[in-house]
Each structure stands twice: as C-alpha cells, then as structure tokens.
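There are two complexes below, and they share chain A, which is joined by chain B in the first and by chain C in the second.
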Partner chain A sequence: MPYMLLAPAVLVTVFIVFFPMVQALATSFYDLILWKPNASRFVGFGNYVKLFADPVFWTALGNTAIWIGLTVPLQMALGLLTALLLNREFPWRGLARGLIIIPWALPSVVIALMWRWIYDPNTGVLNDILIYLSVVHSAVPWLADPDLALYAIIATLTWQGFPFFAVMILAGLQGIPKSHYEAASIDGASTWRQFVHITLPGIAPVLATAGLLRVIWVANSMDVIFVMTGGGPGYATHTLPLYAFVRARQNLDFGYGTTIAVTFTILLGAVVALYLARTMREVER
Partner chain B sequence: MNKPSTFRRIITVDLPVLIIVLFAMAPFAWMVLTSLTPTQALNATGVSISPAGWSLDNYMRLLQQTSFLGNMLDSLIIACGTMALGLAVAVTAAYAFSRFRFTGRKLLMLQFLLINMFPIVLLILPLFVLMRRVGLLDTHFGLILANATVAIPFAVWMLTSYVGAIPKSLDEAAMIDGCSRLTALRRVVLPLMLPGIISTGIYIFITAWNEYLYALTLGGRNVRPVTVAIQTLIGEYQIEWGLLAAGAVVGAMPATILFLLVQRRLIGGMTQGAVKG
Partner chain C sequence: MKMLKKLAVGAALATALLASTASAETVRFWYHFDNPENPMDDLVAKFEADNPGIEIEAENVPWNSYYDNLYTALVGGNAPDAAMVKLFAQPRLIEMGALEPIGEQVETWSGKADLLDNLLEINKGPDGQQYYLPIQYVVLYLYYRADLFEQAGLKPPATCDEFRDAAIKLTKAPETYGFGLRGGKGGWDQWGAFVLSQGAKLEPGGLTTPEAIAANQWLIDLFQKDKVIPPSAPNDGFQEITAAFKNGTTAMTIHHIGSSNDMVKALGDKVSAVPVPECGGGRWTSYGDESLAIFSSSQVKDAAWKWISFLAEGENNVAFNKATGQMTVTKSGSENWTLHERRFVDATVQSLPFAEVLPQNTATSEFVNTAWQTAMQQALTGQITSEQMMQQLEALFAQQ
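Then we have the complex of A and B:
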C-alpha cells in the first residue's frame, strides 16, 4: 500500500532526476561537443585529468570558496541582527517583518539586473551617492574591475539572502521561554551575558541548520552572477557551477562542462551529507 | 511617565529596524522609480524622484511593442503546470511517509531530500541533451518537467510535515466507520491538508515563476518565460533601463504578491482545533 502511494512521485523523480544524473556521470567520461556528435569518443578519466591541469578550474574553486565563505556569514550576521530587532516589541512589527522579506521573493534575474543598474559606472545611483558623500572621488566601475566584481556580487547576494536567516532565526528566538531571561536578570546577568548564555544556545540548532542549507544554496546559485557579469571580467567572478554552465553553453562542450559539474557536486557532497545527517536525526524523533 | 522609555525604544529598536527595512526596500523602490521615468528624461537628467516627472510611458511601450504579455502567459502555464504535477504526486507520497512504517521509508525520504540539494547545473546539461532527443525542448511540458525536479522533492517534504500534524486518530476513526484507506485520505485527511496544500502550491508557483536557468536553457523562441524575456529587453546597442525596469516590476509582481499572501498563512498556523473535544 505505501509503495503504491509513493510510486508516482518516485517514478517521476527517477525519470527526471536520477536518469539524467547517471547520464551526466556517463557524459563526463566522454569527449562530447554538442554540434559534432559523431566526433564523440570515450576518454575515461581524460576530462578529469584535464580539469586538474586547468588553471581556470582552480581560479573558480578559489572564487567559490570566497563566495561561500563571505556570503553565508554576512547573511547570517545581518539576519541575526534583524531577527533580534524584530523580536522586540514595537508598533509596526508585522509590517516591518513583511517588508524585510521582499528581497527574497523577487526573481533572481530582477535582482541581478536591478543591482547592475545600481552599480552602473556611468549612471548608477551608488556612485552618485558615494561621490556626493565624498567617499570616492571618481566613479567606480564596480562590475568591470576584476578586484571588485566578486565582492560587489557578494554584497548583492547578502542583500538577497539575509531575510531568509532573519525569518528562521526569529522563529528560533520565539521558541526560547521568557522565564529564562527573567531568571537571568534577577540573578543580575547583563544583556550581553544573557545574549551569550541564553539566546545563542537557544538558536544554535536553527543557526546550524539554516547555515548548512544556505551554504548549499549559495554554492549552487549562479543565476545572479550569470546575469550580472557572466563570469567576467576575465574569470574574476567564475564559480564552479558557473564555469560548468558557461563552458557547456558557450562552447557546447558538454563532456567537459559535465565533468566540472560532477566534480563540484562531489565537493559539495560533504556539506550535503552533514545537512542530511542533521535532518534525518530530526525525522527520527 | 512612559516618555523616556518610549524615546529609548525608538532609538534602539524603531530606528535600526527602519534602516534595515529601507535597505531591504531601496533597490526595488529605485527600480520602480526608474520604470516611471520616461527614457529621454532618464538619459538627460537621470531617475526622476518627484512625481511630476513620472509617466507610464515605459509600461505602455512594454505592452505595445514587446511580446511581454505572451511571455507572462508562458510563465503562467509553466508555473501552474509545475504546481499541478508537483502537488498531484506529492500528496499521496506525503500521506504514505507519515502514516506507514515500511522498509525503505527512511531511504526514500532521504532520496527526496538529496534531490533538492543537487546543483541545478548537474541536471541542466543532461536534461538538455535528453529533451533535445525526445523533442521536448522549447515546449511548456519540457519546462514543467524540469521545474518539477525542484518542486516534487520540496512538496513531498513540506506536505509530509503537514500530514504529520494531522492526528492519526482522525483517519483511524474514519476507517472504523467503514471508509477504505483511500476514502479516508480523500474525505478526512485531504480537507485538513488543504491549507498545507495551498501554501505548498503557492510556493511551487513562485519558485517556478522566478526560475531562470532552466527557462534560459530549455526554452526558446516558442516558449519564453518572463524571466528570460526581461533580459531580452536589454537593447541591442544600449541598455534601455527604463523599459527593462518596467519589465522587471511587472514580471516580479505576481510572485511578490502571492508571497506576501502565503507568508501570513504560514505564520497563521495550520489545522489547530481539528480534533478538539
């Protein structure tokens, strides 16, 4: 009986997820350029050998590390601050909570184009503001400068993702019993000590789950980068999934593109395994 | 008597919250202002902040000179189709996960969770090759299937937790009264699941509507969802920011409105009171 009920979902996913996955794994062992399918040939681990000798792969790997390592903590910090503020009593709390969530609901294409417009070196509003405030003296080409582009996009993604953390952390905060704080303040604990000894332990599980989920999500997300810079200037904003996509899309080099995608998936696998272990432990209960 | 503490609250809470809200809203608000400024004015003097310089010029051009409405229809078909497919297969699966204990349950649940973590880039390339072979490229059905790779696992997990919150005693009571399993599912559990089904459905709709990479790769001339269409509004020689902003505002509207609706529902809780008494 349960198998019958599950059959449709399982069948569809086998067909549209697992079958393509196996296909991808197989493709990564072939030298396959889409517009000359007859020249396709089996190369074994050839693509992988080529990959490790590819300097762009290492650049993209480094960028991916910076990308995840900065975006997720920034999102989390800003989200935590927002959640702490939203957890206080003030008259327009409901409204504030609704408005803060907006970046999260926007399509990533819109977000990317929006920020491209803001960052625009000639007519963008960010440069106008910064010049007006005399922070910079001449317009900064945010997305065209190889040293700045990656960080400019990280700022965009931080903006996009912090509401998610705020909502998750807020739910966690509301699960902490008020009596803990009352007891602590009777014992004379300062606000800071209350934060460190009650609030942080109380939301630690939420932080861990949301953090892991976010690492996976941020690592995978490349649509914002793709629309904002397409990976440029040069390879300055290439992350691994983007490299795979661009490689397959522009050169139709599906064999090599898939190899990059598979390698990236394996690397991400460690984080996924951690997250799965956490979630399945909760399901057990 | 409350004066000093109210003042303190405004400084320590209201003001910082206001700054964060402005930070969250400003980029989109800027986009709206841009869309309201006619192109000539935009090139000459920049974005108009005062209502005196506003017009719906960009929106008129968007509707009259581009195929944007047709693109909206494509997105609507795909989002609704994904929602229908995702919910149809996920409802029974969620029921099975929450009501039965069987061999392989944990493994199958893990499987659905795992799919959700796959990088889209790993799936997009083989899906492109497969769909090209069977002629599904540039069709609504092809994009519905592609979006379902994300929607199905998500819906299964969401709904499993919703069904889990409905007491087992309810369907057991129905079965003692002579209902079969499936009738109990249809008559008792399904109505109670409705809020969950609606939230999950809206959620799927939003993700499918906002999806970009599948739409870009697997769509084409015939089927071009809004997210891809917005990007084609970039002119050939010069970026038409006004028109682009109008497209972005219109394209983001359906998902944003739905999101604000579903948010209240999610917070409002689900089926409290169903078994009271």
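Then we have the complex of A and C:
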C-alpha cells in the first residue's frame, strides 16, 4: 500500500526528471545541429572527444572552478558574519533581519542590470566613488577587462547569495542552548574559544547543508553572468553551464551543447557524491 | 472521483475554447520594436476592420534573443505564421525548410510597383526564389558631433586617416573619446566599415590576407594604442554606444537613422552625419534590411500573406516605420518623408551606392550571432592577435 501511494510521485519524477536526463545523454551522442535537421547522425563519443580537445571547454572549466571556489566561501563568510551580528541584541533587530533578505529576494536579472550600472565605466557609481577617493585615476572597465570581469560578477553573486547563509546560520545559532555559553564563561573561556568550541560545532550541520546546496545552485546559475557580460569579453566569463547554453541555444548546436551539460553534471555529481559520503560518515559517528 | 470529474470538465472546456478560436483564422506574427510607443495595435485594428474573419496575434519579441527564439520555435513546431526577418538568417531558414515561397503572390500584388527599385532583387533567396517581402531598410553611417569638430577646426572625416586623426584630436580621456566602438553584440557592422572596406571578405581565404589582417589591426590599435575608444568598448552594445554619444562621452559613432531622432532629442543641432569614411581606397557599409516572411508550417498562409502585404503598402508601411524609426520601402511613402531630419536621410541616401549585405551562407548567422563578438572581444583585450582573430573567423566560413 505505501508503495502504491508513492507511485504517482515516482512516476512524475521519472517522467519530468529522469526521462529528460536519459534523453540528454542520448542527444550528446549525436551530431545534432537544429538548423541542419537532415545532417543529424550518431557519432558515439565523438562529441566528447571534440570536447576534451576544445580549448574553450578548459577555459570554461577553469572559470567554473574559480566561480564556485570563490563565490560559495565568500557568501558563507559574509553570511556567518551577518548572522553573528544579527544574533546580538540591538534595537530594530527585527527590521534589520527583514532588510537583510532583500538581495536574496530580488530577481537575478534585476540584480544583474543593477550591477551593470554600478560597474559602468562612464556613468557607474563605483568608479565615481573610487576616483573621488583617489583609489584609481581613471575609470576601470570592470566588465570589459578580461582579468577583472569574472571577479566583478563573483562580487555581485556574493552580494546576492549571502542572505541565504545569514538566515540559515542565524536559525542554527538560535538552536544553541544559552547554558553552553554560560558554562564556558564560568570556566573562563574567551569569546574566541567559545566561538570555536561552541558556536562552530553548533552550526556545522547547517553550514554543511547550506554549503552543499549553494555549491549546486551557484555552479548552475548563469543568469547573472549572461545578463552582465554574455560570457565575454572573449571567453573570460564563460562557465560550463553558460557555454552549454550558448552552444545549444544561440548556435543551435544541441549535440555539442548537451555534451557540455552532461560532462558538467558528471563532474558536479562527483563532487556532490564525495561531499555526501563525508557528511554521512560524520552523521554516523 | 470528484477530481477526475473536474479534470474532465476542464479538458472539455479547453477543447471547446480551442475549437472556437480555430473557426476564425488567426495569424500569429512576430516582430521586434524597441520603441515603447508601439503602433502595432492600431495597424492590427485597421487590418482586422478591412479583413473580417482574420485575427492577428502580434507578439513583440525582444531583439536580443529574437533569432534564438525564432529558430527554437521553428524546430519545436510552435512557429508563428509570419515574422520579421533579416537577410543573414535566410540561408539557415531555407536549409531548415522553414520558408514559404511568396513569388507568385508578389507578382499579382498591387503594391509591387510601389516598392523601391531593386529591393525585391536584393532580398531574393540564394536559390533564386522569393521568400522575403521587404518592410524597411537602413544604412549605417557615421554620426559626429558637429560642434566639437568645429571647435577643433576639423572637417567630418572622409578617409580612415582623417578619421583616426580626428579621433585622436577629440580624445580627452577619461572625459571624452573620439569614437564609440561597439565591441559587444551586433558590432560587426561597424567593424565592416573599417575591415570589409579594405578587401576582406567573409569566405575561405578572404579574411587572412595581409591587407585584411592589417585593417583589423588598425582598428584594434585605435583601442589599444591610440586609446581613442572608451575602455568599456569590448562589452558595449547598442545602448552603451548611443548613451555615450548622447551624453558627450564620444564624439563619433556608427549607427543608422533609427537612432537619429533620439540623438537629436539629446543633442539638437550638435549632431550630424556623413557616410562612413573610405578606408584604403575602398568603402563598405552595412545595408540593414528587414523583411517579412511566411513560414511553411503555417496553416493560414493566405491570411498571413494578406497581413504582411498590408504592412508593406504605402501609408501602413510609413506607420510601421514610425515605430522602428527606419526608412520606408515604398515610393509613395518616401516622397513626403518627414519622420527624420533631412541631414540623416541625406547621409543614408549618399551611403546607398556602397552599402552591401553580408554573403548569404549558413556560417554568416553564426558570425553575426556569436563568433564575431567573441573574437573581437578577445582581440581588443589582447588575448589574441589580429591574425588569430581573422583565422578564427575564417575557420567558420571554411567549414562550409
């Protein structure tokens, strides 16, 4: 009976999740360019061979590593700091907690356009401030410089994503019993030691879960990059999901685009599996 | 059980709804207007009043993803019946088997004689058939700040050397720059004026000649060495270059008459226009075409033809162009043209003798959509050389 009741949900999941996944895998074995419907043919692992010889793939893979490697820790650090601040007693705390969620609640496209204006070399406010403070002498083309563009977008995404961590960590903080801190201070533990031995272990499960979720979300998110630079200048802000999108949707090369997507899923899946195994071990211990 | 009943009722309702809309002929039409004052509703109302039994469902699709959406809709079997299309897309659309020939309808159409000379010829498909009905056109020319040129004692540039000279003199970085280059999406037509003019051709062996590489290098040098182009250029699209020109950051830029009214609103008499400069003895500018086409998947081809031919006739075409800010394709409409200031119309007409369209082959779509932009951005930011950029682009055409 329980399985009967589960059946509809399983069926729906199979149909809307697994079926497209299998289809994507199959598509990646074909040379399929949408505007050449008659030239479509089975090429086996041909697309994958082409992919590993494609310098843009390696550039995009490197960018993706930087993208995930910087964005998630930065969001987590900023979120932790915010949560610690918000966990203190101060007037209007409720209001501050409400306001902090705004970047998270804004649509990505709005955020991307907003930050494009902030970064604009001719009219942007960031350059204005930096020039006024004499930090730089002439406007910096944040998004047009291949050495800066990716980091400029990472800063934007950090701003967008930190409230998620802040809220999650705040909830974790409030679950730590006050008595632990009292006991520790009676024993003469400094604030730092209280943080390391009580606070951090208390929120570790939250950090792990939220961090894992964020890695997956950040890895897949390309909307902000797409609106801010479209992957340019050159390939400077191409991440793998964006590259897959450009190939499949803009060049209509579905075979190759899907190959990129499948490869990325496998890479990400490996990271997720490693991480899951690790956390499972800790849970059992 | 109750749920099932509800579902059944819903399904029945939906079927009834579909059936009722199918009784009147509905023409789904895609277009792209940037102008917020959109007269399409008026045109649709006028057409529907003249043609009872035909309903027009006109959808304004954002330009930046217009072709992505169109190709996907065509492949997905959800294509509109008719749409605005450009020449560069024609080879791909033909290869997809998506276009419906309209040669016969054009022959018997009363508006044919009113079309400007040669337009139907330019728009013929590579296989000699007529698929496109012209609806508007523009030609790219050089916008310049008449007041700044006068103050500096300069004349509007007629050659690339004069152009570079003027750009250098008018650059007072970081406040002002000589030229606003569109290095981002859609900038290939500016690039063409400097590179295709000097003998470069979009074909195997046509881009890697020493002359073509040098011409491309000259343009890159304007950015890297002469620094007469704003540093944001590699990411700049239409909005950025027009905004920079309007607020006085740049003294020259290249665009077409579609932006002239906006420019005049911001700058008044301080903005004027001339044809693009002659470079290395040659001249090239982009003929910006726009046509209407009917798709072969349409079930209502006759109604779709009535609608697109309606838009290409005299006063309707003028109303259409009032929204896009471009030039009418009809003789009757051209006679009393009041939508643009004279100097911009003159610059357009003077540019016509050397205005060209890109070669019609399937690689051109990729060149226009993504390849040019990526290569240009890499070259401008010093990641690849001029020669590498040209090789990269030529590879596209060699794949044919």
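Definition applied: the second predicted complex is superposed on the first by the 258 of 285 C-alpha atoms of A that agree within 3 Å, B and C clash if a C-alpha of one lies under 4 Å from a C-alpha of the other, contacts with A are read in each partner's own complex, and residues count from 1 in each chain.
In this section, a residue touches a chain if its C-beta (ideal position, glycine included) is under 8 Å from a C-beta of that chain, and two chains touch if they have at least 3 such contacts.
Everything numeric in this text was worked out from a predicted model, so none of it was measured.
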According to the stated criteria, A:138 is in contact with first (chain B), second (chain C), both, or neither; which is it? second
According to the stated criteria, A:146 is in contact with first (chain B), second (chain C), both, or neither; which is it? second
Looking only at chain A, is it chain B or chain C that touches more of its residues? B
Please indicate which partner A:258 is in contact with in the superposed arrangement: first for chain B, second for chain C, both, or neither. first
Identify the partner contact of A:123: answer first if only chain B is touched, second if only chain C is, both if each is, neither if none is. both
After lining up the shared chain so the two structures overlap, which partner does A:235 touch, if you call chain B first and chain C second: first, second, both or neither? second
In the superposed arrangement, does A:244 touch chain B (first), chain C (second), both or neither? first
In the overlaid three-chain picture, which partner chain does A:220 touch, first (chain B) or second (chain C), both, or neither? first
Could you say whether A:35 touches chain B, chain C, both of them, or neither, answering first, second, both or neither? second
Partner chain(s) touched by A:17 [first = chain B, second = chain C, both, neither]: first
So the chain A residues that chain B and chain C both touch are 34, 123, 249
Can you tell me which positions in chain C touch chain A when the two form their complex? 68, 71-72, 75, 92-93, 95-97, 173-174, 183-185, 230-236, 240, 243-244, 247, 249, 362, 365-366, 369-370, 373-375, 377-378, 380-381, 383-384
Within the complex, which stretch of chain B touches chain A? 9, 13-14, 16-17, 20-21, 23-25, 27-28, 30-31, 34, 46-47, 85, 88-90, 92-93, 95-97, 99-100, 102, 105-106, 108-115, 117-127, 129-130, 145-146, 148-149, 152-153, 156, 181, 206, 209-210, 212-213, 217, 226-228, 230-231, 241, 244-245, 248, 251-252, 255-256, 259-260, 263
Contacts from chain A onto chain C in the complex sit at residues 34-37, 120-123, 138-141, 143-146, 229-236, 246, 249-252
Per the contact definition, I'd like the list of chain A residues that touch chain B in the complex. 1-3, 5-6, 8-10, 12-13, 16-17, 19-21, 23-24, 27, 34, 81-82, 85-86, 88, 90, 92, 96, 98-111, 113-115, 117-118, 123, 125, 128, 159, 163, 216, 219-220, 222-223, 226-227, 241, 244-245, 248-249, 254, 257-258, 261-262, 264-265, 268, 272, 275-276, 279-280, 283
